[in-house]
Structures are given as C-alpha cells and as structure tokens.
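Right after this note come the structures.
What follows is a pair of complexes built around subunit A, which joins subunit B in one and subunit C in the other.
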Partner chain A sequence: MTESTVAAAGAWEVPDRSVSPARRNLGRAVIAVPTIALVAVAGIQIAHTARASAPGFANWRPVAYVYVLWAICLGIGLVMTKGERGKRALFVLPALLFTLAMVVFPTAFGFVLAFSSWNLSSSVGRQFNGFANLRQLFHDTFFWQAMLNMVYYVLSVLVQYAIAFGLALLLNQEIHLRRFFRITFLLPFMLSPVAVSWMIGKSIMDARFGPAAQLLRTLGAQAPAFFDRAWPARLSIMAMDSWYSIPFMMILLLAGLQALPDEVLEASKVDGSSGWQTFWRIVFPIMLPVSITTIILRTIFELKLADVVINVTGGAPGGATDTVSSYIFRVYNDRSNVGYGTALAEFYLIVIVLFLALMLWLSSLWLRKVR
Partner chain B sequence: MVQRNGPFLSRPVSRRTILKGATGATAAFAASGLVGRSATRAQTPAAEVNSVIEQILKIPGANTHQPTQSDMEKVGELCLGPTKAVIKPNEFKGVGIRFMGLNNQNVHDFVFRAFLKSWEEYTGAKITWIDLSQADYNSHFQQAVATGTIDFDMLEMGAPFEGDLLGKGLGSPMPDWVKKVINIDNLVAYLKPPVGTWDGVLYRTTIDGDCHNFNYRADYFADKDLASEWTKSGGQGDWAVPTTWQQVQAATKFIKGKKVDGQDAYGYLDVCKPWGGFGWYFFASRATAYAKYPGDKSWLFDPTTMKPRISDPSFVRAIQDVIDVLPDEPPDQINADGNTTGFNEFLGGTGSMCPWWGDIGPAVYTSDSSVVQGKVAFSILPGSDDVYNTKTQKWEKLASGPNFAPNMAYLGWGVYVMKATEKNAALNKACWSVAAHLGGEAISQWTSCYPSGFQPYRTTHFNVPYWTEVGYPKDYIESYLKSQSDSYNHPNSAIEPRIPGIFQYYSAAEDELAKAYAGKEDAQTCANNISAAWEKITDGIGRESQIKLYQASLGS
Partner chain C sequence: MRMTSRQKGAIVGSVNAAAEAGDARAKARRRARRTAGRVLIYAALVIWAIIALFPIYWTVSTSFKTAIDVTQDHIVPWLQFHPDWRGWRSIGLSPDTIGQPNSSRSEFVKRFTNSLTSAVGASLIAVILGSLAAYGLARFEYKWAIWRNRDISFFFLSQLILPPVALAMPLLVLYKELALLDTHVGLILVYVLMVLPIVIWIMRDQFISIPAELEQAAMVDGASIWGAFFRIVLPLSAPGFVSSFILAVILCWNEYFFASLLTSSAAKTLPVLVASQTGSQGINWWAMAAVSTAAIAPLVVIGILLERYIVRGLATGAVK
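And then the complex of A and B:
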C-alpha cells in the first residue's frame, strides 16, 4: 500500500482528540440514563399489558414519549462521546430511529400478534395461541385461492410490460403530436385506483347500464357481463389494473430508450440492420437492466393489489378475483379477526420477500449471462 | 328529471286536514284490516306535535325535488321546540361533541347535519362528524371499542351492535328527561325493550324501524300478456303476486326471456356480493320462512349450545334456491350488492321482486333516479308451503297454511351516548339533547316520509293522511305501510340476535355463500363451511358468554 492510498483512506478518519475523558463519561451517562428509563418504562407497560393487575400506564403514550426523549439523548450523547464522528452519525440517526419505530417495531409486534387469538369482540382480549393461526392458514381455501390469483396477476405484469415497451418505442419515435400523446398516455397513471374502480369497473363495465356492455349487446352478445364468472372477472380486473399501471412502466422504459447511445443505433443503421434486428439484437439487450428494474418494481406493486378488487368485486365471484391483500382486508376489517389477519399478513410478507429475493437473484444471473 | 305519476307533493296541507285525516286514518286502517291483531294501531300525536308535523311535511313542498340540505335545515329548526323547553340558549357554549355515523346514499349523517344546524346555533355546542361508509362501520366501531381508542362521544348504531357496546359497559343510560321528550311510549311493539336495553337499563334513542319487506312490480303481475303466457306454459294457479318462495322461484324462471314495456323482464333479484356483512340479511330473508318455526324464538343458533343451525336442511334449501334461480336473474347479478339491487336495479326498472329495508317505499316517489312510480306495491316477505322443525328434524306443513317469518333485519338504527361523556356533565347533557332532537316525535314523521335512511318506527307514523298529504298515492302508501306494519307485528317474525361480533358471523357467511353462488361448492358444503366458520368465531369470542347473551337477546 502506498503512502498516498493510506492518506486517502485516512481522510475519512477524523481524530476525536477534542473529546476529553470527562466529556466522554458525561456523554455515556447522557445515553445510559434514558436507555435505562426506556427499558424500565417499556418493561412496566409490557408487564401491565400481559397482566392487568401489574402496575402500568393507561396507554402506551408514556413509552412513546420516553422513546423520543431517549432518541434525543442518544444524539447528544453520541456527539459528546464521539466528537466529529458523533456529529456525522446525527445525519443518519433520525432516519434510523424513525425506521426502527415505524417499520421494524410494527413488523416485530406483528409477529407477536400472528401467534395470538385476538377477536376484537372477545371480552378476554388477546390470547397467545401458538401455531393455531398458521394451521388455520394452511387449511384456508380462500387464502390459497387468493395466492393462486396472485400468480395470475403477477404473470399479467409480463403482458403489461410488452404493451408498455411497445408504447414506449412508439413515443420514442419522431411522431406527430408526440408530446400530446406522452401526456395523454400518462393520464391513467395520475388517476387514483379507487377512481378507476368506480369509473371503469362500476360504471363503464356495469352489465346493465355500462357503455361497454351496451356496445357488446349492439354487437350481438347475449346478456354480456364482465364479472359474473371466474375468468372474465379476473381478466376484467387485470385489464383495469393494466390500464392505470402500464403508463408507469411505459415512462420508465421511455426514459431508458432516450438514454440509448445514438452512435450504436446509427452504426446498426449503417450496417443495414432491419428495424426488427435493431430492436432484438441492440435495443432489447441494452434495455435489459431497465426492463428488469421496471418489471420488479411493477411486480412489487402488483403483489399489493387490493383497492380495485375491494371496490369492484369484493373478491367475487366466490373468491375468484381476490388478492391476498383484499382477503386480509376482509378478515381484519369485516371480521375483526386481528390475530388471524396479522398472521396472514406476516406470512404473505415472508412469501413476498422470498419471491423478490429469488427474482433478483435470477435476474442478476441472467444479466451476467447475457453480458 | 324523472316523470312523476300523480299529484306528488302537490296539495297544500292544513292542520285541520291533518288532524281530520289522522283521526280518519285510524278508522280507515280498522276498515281495511290494518288495525287488528297483526297491525300497528295508528295513533295521533299530541296537538302541538301535530302542528309541527303539519308544517314540516310541506318541506320541500309541492312538485319539487329530493329534499335538499336547506330543506332539512328548515325541518330541524321547526322541530327545536322540545329542545328549547329543556335547554337554555347557549347552555352548551364551548362544548364539542364527536358524533359517529354513516354517510350512505346522502342520508344518515347528511340528514343529521342539517337537522342539527339550528340546534348548534341555539345551544352553542359544536359537533364534529365522523362519517363512515356502511361497509367500514363495523370495523371502525369494533377496533375503537377493542383497542380503547373510542374517538366519538355518541354514535348512530344498530341494535345488533348492542352486545358489543352495552355488553362492555360503554353506554350512558338514558336520563328520564329524554324519555319524556322523545315519548318512547308510542314506539312500535317490536322496538320496545328489551331492544335498546341491557340488564334492564335503557340506552337507546330509537330513530328507525327496520325489517325486510317484499317490494314488487304490480304492473308485472297485472300484465295480461304475461298472465296468458303463464297459463299456456302450465303455470300453477293464476298469474299473481307470489306469496311463497316456491311461487317466487316459479315466477322468476317464467319471466326470464319475456319483455315488459319493451324491456327485458326479470323476476327476483338476489344480493350475492359480500357487503361487509350486510349482504347476509338478503339471504336470511330467503331462509326465515324455511327456518323459523312458529313458537321457537331462535332460528340461527341453538340457544343452549350456540351450535349453528345454518347446516340444517332449511338453510340449505334457501342456498339451493338462489343457486337454482341465479341463471334466470339479470346478467352479472352475482356481482350485485344491496345498493345495486335496490337502487340501481329495482328503482331503475330492472327486475320485478326484491327484498329491502323500508327505504324503497319513499324512494320510489322521491328519488330522482326512480323510474317505477305507479308500478310498485309491497307485502311482507314470502312464506313457504312447509317449514323445518329442528326438534323433529322434519319438514312440516302447518295446518294454518304457509309459514311466514318476516326478517326483522337490523332492528333499526338508534342514537347512543358513550359512558365516557359522564365525566363531563355538560357534554353528557349535550349529547342526550342531540339524541332527543334526532329522536323527536315530529322530526321522526318527516324522516319516515322522506328519504333519510330511516323507516316508520312509531305507531303515529302509520297515519295514512300524513303520507297522502305529502303526495304519495293512497293505495300505494297503504300497501307500503301495511307491509311494514304486518312485518313488525308478525307473531313469527325472525328477530336478530344482539350478540357481540354478529357481523363477523355474517361476513364469514357472505364469503361462503359467494362461493356457492359461483358454483364452486354445493349448497350443503357451503352451509357446513359456514357452520364451521361460525363455530370458530363463537370459540374466539367465548362460547359461554355468547350463549348467555344470545339467550338474553331472545328474552329467555
């Protein structure tokens, strides 16, 4: 290692000679005292929640106040003990503590609930019930129907991708009114899915008065309906979902297309490549990273699909259009079954994490192979 | 703008005509058979109340429109008398009330807001509204109660939730002065205690009467072409309004493929889509005639074990009925919820028979979307030629004829005040004053006659002249009121259990029913699955406490 590289590496190391031992000790105390207070207050409240006869607070608000106080003291304490490095930590600390409070803690608490029987109408409140929720989940036909539906919905992302790519290619050309079309194609993405549900699902596709059904009747269809049987209903949901989601994919892909190096495309033209050859051998491979990112992002959104289903079909007919989220909504919202609803949500979270990890791993393998 | 038949809202009203008419109505009811063992006796309110009713029934006035916000504000102001008699001006200055209710169909909270505007101005209190959709009501309410995060001082609530609220000691008992102001004596019999009470204490200001009645298109069943085709096709008996579910099934199958007024004709309209638990009531309306055996108060559960009766042959037959007739109903009926069926389809001219709460009656003549004026009539829910006896486990034909069992779906809305308000005497009194205003005698006549989300619930509401002076055709309104009255007073009416978590049972059933309607499982499997789900819910809430509360709600 040369002296210059050592110097470069050391540029990030700031000596904390300015921190005196006394200040460091005081800083440690500033952190330790609130930490003890936080542990004590949280412990008292946990004991009180577990056994009502134990002393405690009326609600969890005091614990939240002590947490905020602890967070502030932690920041002060870090500066006092670490000097410049402590100041740097302050840039990250608020985000870290916020994530801890708003993401990590609820998720961990969710796991506690997932192993509980907690029906909101029950006079005995939450009770630990071991793996009962998990056993129920494996025998729940509605849940597994919803999981199967999710496979169909996620597969529809590939169709959405193909359409979005086509539209992006179109809008990347020097066509007339290009700006107008770009804005027009983006409009559905600006609409709320709830508005789409009512405008399209409940109005345009209404079997009695909707213009889409009227049109089909004019074309000779007998009693057209979009949501009366499993596959037409599922496809109708996919169509609505695609209508407002394709623009999102399209805009990402369009950005990718606009970043393509002109010289490569010009070279292929000079070499006499046809349009298809240019697309298939040059544009598509270069666009692969953008495409994979787009598909993964869209898949994450798709896995959370719920609003359109809840508003338009409520999972009907017979759970054929249910998504896992819309089913969890019913279990939690309509049946007040917090324990089982949370167990479903946590289980689904694990499935999503594993699925996305697998997807990312496969895509990186594929990209490496292509390159 | 829809075409109106008849002189709706066209004649001026005078106190004399109202009083004269109201008195005459009692005689007319008696003559027409409305008064009697199975009818609600129409009473006349006190003169001062009558005077207010006389004024408010003119609002919105002759040949106009659906009542507007401003119309309802006027009604609220004219009904302030009882409040002014008890509360001093600005007595509640600085008091803030949080009121939770529904925002359905531009009624409920929309109506309350307008009614209470003048009350707020007079008393100085300020109301903050928590508006919920019907499908979100149960969850918001349950979560608030269970997690101790009650964010309301008073609420609009149906009697089925009393187990959840009053059973946990969260209600404030009704003060005596409120009982006097709202005159609880003239409530219809089925809404009197034990409804609204818990352990003998009254908590509820009733503002609604609920039951499912049978709404049908009279023009269909008077249609000569349909009658002739019915005879030719070998239909049993004359072409007439079905009075049993067996006849409803036959008529629905027959009507499919026919035309009435050049439009595709349809028979019965089932509600098949899950609707936050409220869809259950429509299935229950089909099942009560099969399942509610005369003399046995219970019909959903065994009162000693809470074992569900849903897998009995009675309920299985009702499920099978829906499965059998669904292909003959309008396209996409499987995706229709209650609002779609009642307001989009029936009022919009699609279908000829549907069960609903009493909202359809006034809505036929007051909803801007109704196209069925002059074509609709009413009866109690159809009966059945035979009924299942759970004791003998056999179908029986009663010597008295078909078994009728009107479904007292939801037992009406009421206003309840939370116990927590008792810590602040002014707040508690202000809440009860709001309840008394909304449940007042005069205002209730207006809410019965106009679209408000509420139906007749006092004996005085059955005075036909009030309704004819508003503009409803006499025959029409007599048919409507008779269907309501006969349902309320039926000796074999199916009363809903007021037990905690009742909507969980309904919601679980809706999901399974939807599966059966979609052809994914047969009727018996569907019923067995509902039964299993209900057993789980009972165990989750606590079987022993549910048995105790179920027995209490049955009055045993």
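And then the complex of A and C:
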C-alpha cells in the first residue's frame, strides 16, 4: 500500500459551508441524549447482573439495541455539528463502530475471563482466581508442545513459499492451456479445510487402504502409517495445510511476476542458457518485496491453523500435531474451565502480536538495507 | 521498482552474448535444450495438476463406491469398480430417493441453506460496510484526535491478526448473555468481522485506482459526496465488488471454528455437519464422500467460472 496516493486523493478541497450555532447545539443534543441513555441502560443491566434482585432485562439484548441507536444518533449528530466533515466521517464510522463493538468488548472481557475460574456446567459461576491460570499455563506441557509445533508450522511456510514460487514461475511461462492450469492450481484454495481433512487426512492417508499408503507400499515401505509417530504425523498435517494454502501464495507471486518490467522478461528470454542465473541475479531480487508481503500474510494465516488438526488427529499422538488453536479448542470443548482456555488464548494473542511486530520491523529494516 | 546498475549491466551483457552466438552448432544445442526445458515444464505442470485434482477426484468417485470398492483401492470407474448411488442414497439425493421424504436429506438441506444464509448474508454486510469505509479512506483525509488515515487503515487490517481462539470463548459467553447463540444473526456478525479487513483492503485499492477528478466533476455539477459515490464510483468499481464478495463468500462458507463453537442445532453449518460425520461408530466412507462433494461443489463451480475475480482479489496489494 502506498501512502502517497491517499495523500494525493485526500488533498481534496473541503467546500466550507459553515454550520449555524443553533444547528450545532441541536446536533450536540442529538449525540448527548443517546449517550446518556446508553450509559443508563448498560448501568441498569450491570446492576441487575451483579444482584439479581435489582430491576433489569432478561438478557443483554436491549443494551445492544441501544448501542445501535446510539451509533445512528452519533452519525446524525456529527453531520449536524460538523457539516461536510461529518458527512465524510459517515463513510468510515459504521465499519469502525462495528469492529470496535465486536472486538473491544470480547477482548476486554477475555482478559477478565483469563484471570478467573469458570466451569460452564457447574452452578458456581465465574470466580476470580488471580494468576492461578497463568501459573498453570507455565506448567502445561501440552501447551508448550503446541507452541513448539507452531514454530515448526511457521517454518513450513518457507517450504510452501518455495513451491509456490516454482508454480508461479511455471504459470508465467509461455504455455498452452494456461487458463486450465491456473484454475486447477487455484482449486485447492477454494475447498473447506474440513472437507480437505476428510478427503486427504482420513481417506487418502488411511493406513490400511488409502491410495497414499498403497503408493508407499509399492515404493517399498513396510507398514506405512501417517499419524502414528510424532514427525510423520506433523509432516502429514503440514502436507495437507500446504496443499490448500500454496495456491494463495502462488497467486500473489504470480501477480508479482506479471508486473515485472518488460526488459527483464526480454533479457531472460534471449539469455535462455542461463535461466537459473537470470532468476537468482535479476528476478528474485526484484521479487523480494512481493515475497516478503506474501510470506508475512501467509504466516498470519498459518498462526491460526486449527481446522485440519482438529478434524484429522485431534492433536494425537500425544499432542505432537497440536497447534495452539486446536489445543485451546479441546480445552474449550471440555467447557469445564473456560477461564483457563481464555488465559491460554490471550497469552497466545500477545505472543503473536509481538512476533508479527518483530517480523514486520525486521523485514522493513532488511528491505531498506538490500535497496 | 527500480533496478540497480548492476542488474541493468547484467541484462545488457546477456543481450550482447545472445547476439554474438551466431554459430549454427550452438543454435542446435540451444534448441535441444529448449525442447528439454519445455518437456520439463509440462511434466511439472501435469504433476502438480494431478496433486491438485486427485483429492477432489477421489472424493467425488468415492461417493459412488460401495464398501468393497473403498477398501480395495479401486480408482478408475467402470474398469475397476461399478459406480453405485450408495453414497448419494444415504443422504437422500440419489435418483431413486430424491422424490421421497427423507430425514437425512432434510438435515443436509438445512445445513446447506444455513451455510448459504450465513455466507451470503455476512458477505453482503461486509461488502457494504467495508466499501464505504474503503471509499472514505481512499478519498478523504481524516484527523480524529491522533488517528489519521494510516492509523485507521492499520486498525482495520490488524484485525486479520486476531486469532479466532482469542475471540471465541468471550464471544460464546457474551452471545449467551445477548441470546445470540445458535442464531444466524450471531454467526453472521462474527463472519462480517472476519472478512471486513479483506474487503476494505481490496476495495481501497479499487477506489484509489479510480481518478478522483471524475467525482470532483460530478460535484461541480451539483452532486453531493454521497451522490457522486453512488452515481459515479459504484458502477466503475464493480470488479472490486465482485472480487471482495466472492472471497468473502469462500471464507465464510468454509469457516469451521466459530461455527462449531457458536452453533449447536438451529444455525449449524455444512462444515460442522461434515466434521461431525467423522466421529461416531466408524466412518461411512460413501456418505462422507457424498456430503463432502456436495459441500465443495458450489465453490468448485464458482472457482471455475469466476477465477479471474478471485485471482484479482487475492493479488490486491501484492504489486505496488
């Protein structure tokens, strides 16, 4: 993304039609009254939740409705007080208020949950337990195994990247049936990971009669099993994950290749003998920024990997294939300690935010040095 | 993107080298190497095409197999096994059962419509909210306290990082309080949140590519900001809308994590149905295959018909 284009488009003259003081005051009232109403309704409900005897609603839904009303009044009020600038704010405001409501409340609430013990199936309810969850986390071998697995899974992104780059180079050649191959290579991306888990993990990789096991048997393997031991299982999960995520990287890299300056392509065509050298000396360095974008985006998605593991191995053998998400999913499904599962999730969130920030910072440093 | 002088030198050097290679023998050798290269390229293409297509073929063909054919690794229909409607009969979609009332078919149809409702509903809302925000960010300069356009854009994009696990449990508890558990509305809201960053990313790029002069001209003629948006910008940005809508539908249709935690019966979607078949009393291979085939079929069709838009949407921001 470029900031310059935004700035150029944004330097757009504001037609300054001034707002009369009466209109501005009315606008302020339109914002203030619903704000008070929102605070009041939320307050009533909080009191009701804390002490059942206090008056209140059956559930929190009225508060959500008042929030929507408040958002609408805020929009009207902004147009009344700010005029043209208010109208412009209306473009971004709905998405912003929606995201804030859907992310801020759950995340804030999540951090409260993380410090409590809560068995959803018992009647005791939520109880504050301080740092007990955090202490348990540091002694949870399953969790740390899952964290270690995430390192392996993230490293597998580099292999995926190499294959995706190869495929993108292939598709970028002068070939017949290019459209057919492009659609074919893209198809795995469209498929649901759950269906993939079944198709590949449960059926093709079945140890007794899956075609993949048969293939290994004809190649001389004694008793091929994909999910019995730690590393074969992990590699099998990686293979499935790669199968449906390579197309995504391939498309980004292909777009990068197609945007290469013409003279580069000419040169690599004329200089057919040293195609390999052309690639390393010219194509690869020019593709570096696209490559880094691709790898970072893919890493972000890789860190959420869960569906395949949940549906194929459920973490077996002994947590060796667990991703953090799939492990927490099991803790959640247990429902006996919601607080602990949330503590794990919030801890993981902090770790990946730090990790991605570091990755972005290092890549920008490195790109600057290379240039 | 700028080339360094060394890279330019390399290009010029290689062009000269090729011009000098007038020797006939060298030419013949080059042609042979070229042919070998072509063969390698096509071999690699075909191998990867098989890797990409075989699992899909395997699923579709297994839905027409009987128990013996599944376990004996029969792959080619008619030669190795005789196609049978068994898998499709078990979900009530074979020719002989389709006319009669069938409980597993009605279950399947219910999950299918649930998936359709959540995916299309969420994508529509996300495209509306997201394109408005993207337009604002592409055209105007905002200054809200310390927040400028860059910060707002980054805020939206950073939602991509948020892992579903961090939201799932708090949302489960909040949804319980809001009476939104196991409802379409609840699921749609989560999905909108999930795809909104992608929609904003694609649409912002689309709007930046449309010259602002077009709207300025319309506004000189008396149109308002919103009038210019609806009459000039919307028609011109149709490709971006198609791309972002399709990508959103794909992501929502395939979503499993939230669906399995936040729905139980009324709003349960297709991926949850597929996953739940795996667990109990062994696997009904043919039935599984039939359900999976039906679950991936719509997306395969979309992929073949609208590949251009999907590629366009995915590639947004890759090249700058």
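Quick notes on this structure:
Everything below uses one rule, namely that the second predicted complex is superposed on the first by the 338 of 371 C-alpha atoms of A that agree within 3 Å, B and C clash if a C-alpha of one lies under 4 Å from a C-alpha of the other, contacts with A are read in each partner's own complex, and residues count from 1 in each chain.
Going forward, a residue touches a chain if its C-beta (ideal position, glycine included) is under 8 Å from a C-beta of that chain, and two chains touch if they have at least 3 such contacts.
Keep in mind it's a predicted model, so treat the numbers as computed, not measured.
Looking at the shared chain after the overlay, A:A64 reaches subunit C, while subunit B stays out of its contact range. In the superposition on chain A, the chain among subunit B and subunit C reaching more residues of subunit A is C. Of the two partner chains placed around the shared chain by superposition, subunit C is the only one that A:A195 touches, whereas subunit B remains out of contact. Of the two partner chains placed around the shared chain by superposition, neither subunit B nor subunit C is touched by A:P34.
When both complexes are overlaid on chain A, the residue A:G83 reaches neither subunit B nor subunit C. With both structures placed on the common chain, the touch criterion links A:G75 to neither subunit B nor subunit C.
In the superposition on chain A, contact of A:F209 is made with both subunit B and subunit C. With both structures placed on the common chain, the touch criterion links A:L187 to subunit C but leaves subunit B unconnected. Touch criterion met: A:Y332 reaches subunit B and subunit C at once. Overlap of the subunit B and subunit C contact sets on subunit A: residues 59, 208-209, 332, 338. Within the complex formed with subunit A, the subunit C residues making contact are 1, 3, 7, 10-11, 14-15, 17-18, 30, 33-34, 37, 41-42, 44-45, 48-49, 51-56, 58-59, 62, 70-73, 75, 129-130, 132-133, 135-142, 144, 149-150, 152-153, 155-156, 159-174, 177-180, 189-190, 192-193, 196, 200, 204-205, 208, 212, 216, 224-226, 250, 253-254, 256-257, 261, 270-271, 274-275, 277-278, 283, 285, 288-289, 292, 295-296, 299-300, 302-304, 307, 310-311, 314-315, 317-320.
Across the complex, subunit B is touched by residues 59, 117, 119-125, 142, 206-209, 213, 223-230, 233, 313-320, 330, 332-338 of subunit A.
On the subunit A side of its complex with subunit C, the touching residues are 1-3, 5-7, 9-12, 59-61, 64, 84, 87-92, 94-96, 98-99, 102-103, 105-107, 109-110, 113, 166-167, 170, 173, 175, 179, 181-200, 202-204, 208-211, 214, 243, 248, 251-256, 258-259, 261, 263-264, 266-267, 270-275, 278, 281-282, 285-286, 289-290, 293-294, 300, 303-304, 306-307, 310-311, 324-325, 328-329, 332, 338, 341-342, 344-346, 348-349, 352-353, 356. Within the complex, the subunit B residues that touch subunit A are 135-136, 138-139, 142-143, 145-148, 163-164, 167-168, 272-277, 330-335, 337, 344-345, 348, 350, 500-501, 503-504, 507-508, 511, 514-520, 537, 540-542, 545.
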